[in-house]
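In the part that follows, the structures are each spelled out as structure tokens.
One chain, subunit A, links the two complexes that follow: it is found with subunit B in the first and with subunit C in the second.
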Partner chain A sequence: MSLETEAGSRAAVAELLLSVADDEFVIGFWDSEWTGIAPMLEEDVATSSIAQDEIGHARALYELLATLTDDDADRIAFGRDSAAYRHAALLEHARGDWAFSVARRWLYETADAVRLSALARSRWEPLANLASKMRREETYHRMHADAWLRRLADGPRDVRARLAGSLVRLWPDAQEVFAPLAGEEELVRHGVLPDPMAALHATWQAEVRANLAPIVGGLAPAQPSVDGRERRTDDFRWLHGQFTLVARSEVGATW
Partner chain B sequence: MVSVAAGQTREQRVWAALAEIPDPEIPAISLVELGVIGDVRVDDAGRLARIQLLPTFIGCPAIDVMRRQITERLTELEVAVRVEVEVSFATPWTSERISPSGRERLRLSGFAPPVMTDIQDLDELAVLPVAECPFCGSRSTTLDNPFGPTLCRAIYHCTSCRQPFEQFKRI
Partner chain C sequence: MSSTGERDRVWEVFRQEGEGDPMIHSGNVNAPDEELAMHYAREFYGRRGESQRLWIVAREAITELDDADLLKPPFDRSHKKPGGYLIKHKLESARARAGEHSGE
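And now, the complex of A and B:
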């Protein structure tokens, strides 16, 4: 494959890697905010462990991207302006209450699973290898998200209402995990992305609609939008300020 | 010039040296027993030693420590002029890679080794098996948390000897 040498393809792959990496990086940071204040001790451990996994996935993806673009993984992770991040709108919101975090994580995990099963079939081997390894770890995350969704859905009226409200509120932004990428045609043609985002989106939506129907009833029709990965808000600008704090305090420092 | 001891190839010497490096998080077990060494290549002239490192979990914070330990140990060994450690996902690390002696050492240091099964199907991975208590051998145990103090551990409780214990997670 001419991927490494063709500038056009390289840019398209870089965009794909950045979108997945930023998703994992940002949800990892939101989740790490629960460390110490989760509803119970075991959940403190679980959320922190999941957050560490996600940031680890982001690191591996940033490293892959850095080899492709001759950049530095830490620079990509911490050296960008907040407007340059490409995570989906779903991951833009502050953590909210526990029901909101559970709703978001469940929507994200189900979407990520569909995306990873496609990336594991990528014809670009380094990406296929990494995605296959990530899928094994994400299986535990999905199990965890499913357990919490069921638990809140079977809870008292107030808990059910908070969960349902969060799912409905996040539903439009959850579609944006599958927002079209600028270089997508190129990616599909080369088999880097085996299926177009629209096809992955349809697969995901059919699956989650069926699972969410007992909790929220019918969900409004919703489609990904062109700017689904470009909407930065004050919530994220605050988080960005937090996670770049140390890197900014002593630029170029190593330890 | 780098020399080779009689009767041993450079690669055999590298494997022997790696077998003496303890895992940074569970020092009872070596990197070789843990199965994180994928491939070892040393050219005949002893110019370059290439070690493939397979992380247990992608986000494992011990990877950098392992990489440093390997580089230092092999540099000391003077088996090649240059040592290169490549973190690879080409062969995914799975819990089946822990050697029989590694499993025994885990048990002796109070960790339940992962239940042995070759898992290809991810849905099967999601079914958490019963763990065997490393203290009394009972299989009457309950899972407290599939997530533990490090990425690769789960927390169980033994209903026979009433001890909490950790299991090296099946992945």
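And now, the complex of A and C:
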């Protein structure tokens, strides 16, 4: 395959890698905001460890992207202006309360699982291998998110209400994990992305609407939008300022 | 979460370092149910890939025996220990006798 050599294909693959990497990177940083203040000590360690895993996945993806575009993984992760990040609108919000974080993680983990199962079948081997590796760890993340979703859903009225409110609020932005990519046609044609985002979205939405029906009483069908990965807000600009703080303090430093 | 009004339970965690190794008590975690206990045990005793297997046991499922009358009897029970019965000398003399008979 001419992926590595054809400039057009390379740009399309780069966009795909960047979208997945930025999703993982940004949710990792939001969830790490719980370190020290999670509901209990054990959960504190679990949440922090999962957040670290996500940043680890982002790192592997940035490294793959860097070899493709002859760039540097650290530069991609920490050297971009906040407007250049391509995470989905779902990951744009500040961490909120615990119910909000659980709702977001659950929506993200379910979407990520659908996306990863497709990427694991990618005809571009480096991506298929990395996706398969990530899936092994994401299985555990998904179990953890399921456990918390059920706990809050079975909790007292105010807990249930907070969870349901967060799910409803995040629902439109959750679609954006499957926002169409500019070079998507080419990716599908080459088998880099085995199924179009629209097909992955349909799979995810059917599953998630059924699972959430008992908690929120039916979510209206929704669609991803074209700019679903380009909406940067003050929430993210603040987070970006936080996670680039060290890198900016001594540009080019190594450790 | 304290708002759910539940009491956290204590779960004792045993870990096995390699296949076939004994399960060794590692410590415990607090968790409201078995599912989260499993996650927390994994995070505390397995997230660095250091464990082959974990056993997570609700503390209340453990039958504890620490009665001194049963475990530390007041009388001399040294004869119940393998070392308390001095078979060594008997063995030596038996071997000596056997040696004589074989004409050494």
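Everything below uses one rule, namely that the second predicted complex is superposed on the first by the 255 of 255 C-alpha atoms of A that agree within 3 Å, B and C clash if a C-alpha of one lies under 4 Å from a C-alpha of the other, contacts with A are read in each partner's own complex, and residues count from 1 in each chain.
Basically, contacts are C-beta pairs under 8 Å (C-beta built on N, C-alpha and C of every residue); 3 or more make two chains touch, one makes a residue touch a chain.
Predicted, not measured: the structure shown is a model, and the values here were computed from it.
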item: Fit-or-clash call for subunit B and subunit C when the two complexes are aligned on subunit A; value: clash
item: Contacts of A:135 with subunit B and subunit C, given as first, second, both or neither; value: first
item: Contacts of A:159 with subunit B and subunit C, given as first, second, both or neither; value: second
item: Superposed model, subunit A: greater residue contact from subunit B or subunit C; value: B
item: First (subunit B), second (subunit C), both or neither touched by A:45; value: both
item: Contacts of A:55 with subunit B and subunit C, given as first, second, both or neither; value: first
item: Touched partner set for A:14, first subunit B, second subunit C, both or neither; value: neither
item: Partner chain(s) touched by A:143 [first = subunit B, second = subunit C, both, neither]; value: both
item: First (subunit B), second (subunit C), both or neither touched by A:151; value: second
item: Subunit A residues contacted in one complex by subunit B, in the other by subunit C; value: 42, 45-46, 49, 140, 143-144
item: Sites on subunit B touched by subunit A in the complex; value: 57-61, 88-90, 92-94, 122-123, 125-126, 144-149, 151, 155, 169, 171
item: Residues of subunit A that touch subunit C when the two form their complex; value: 39-43, 45-46, 49, 98, 140, 143-144, 147, 151, 155-156, 158-159
item: Subunit B contact footprint on subunit A (complex, rising order); value: 42, 45-46, 48-50, 52-57, 59-60, 125-126, 129-130, 132-137, 139-140, 142-144
item: Subunit C to subunit A touching residues, read off their complex; value: 1-5, 8, 29-33, 35-36, 39-40, 42-44, 47
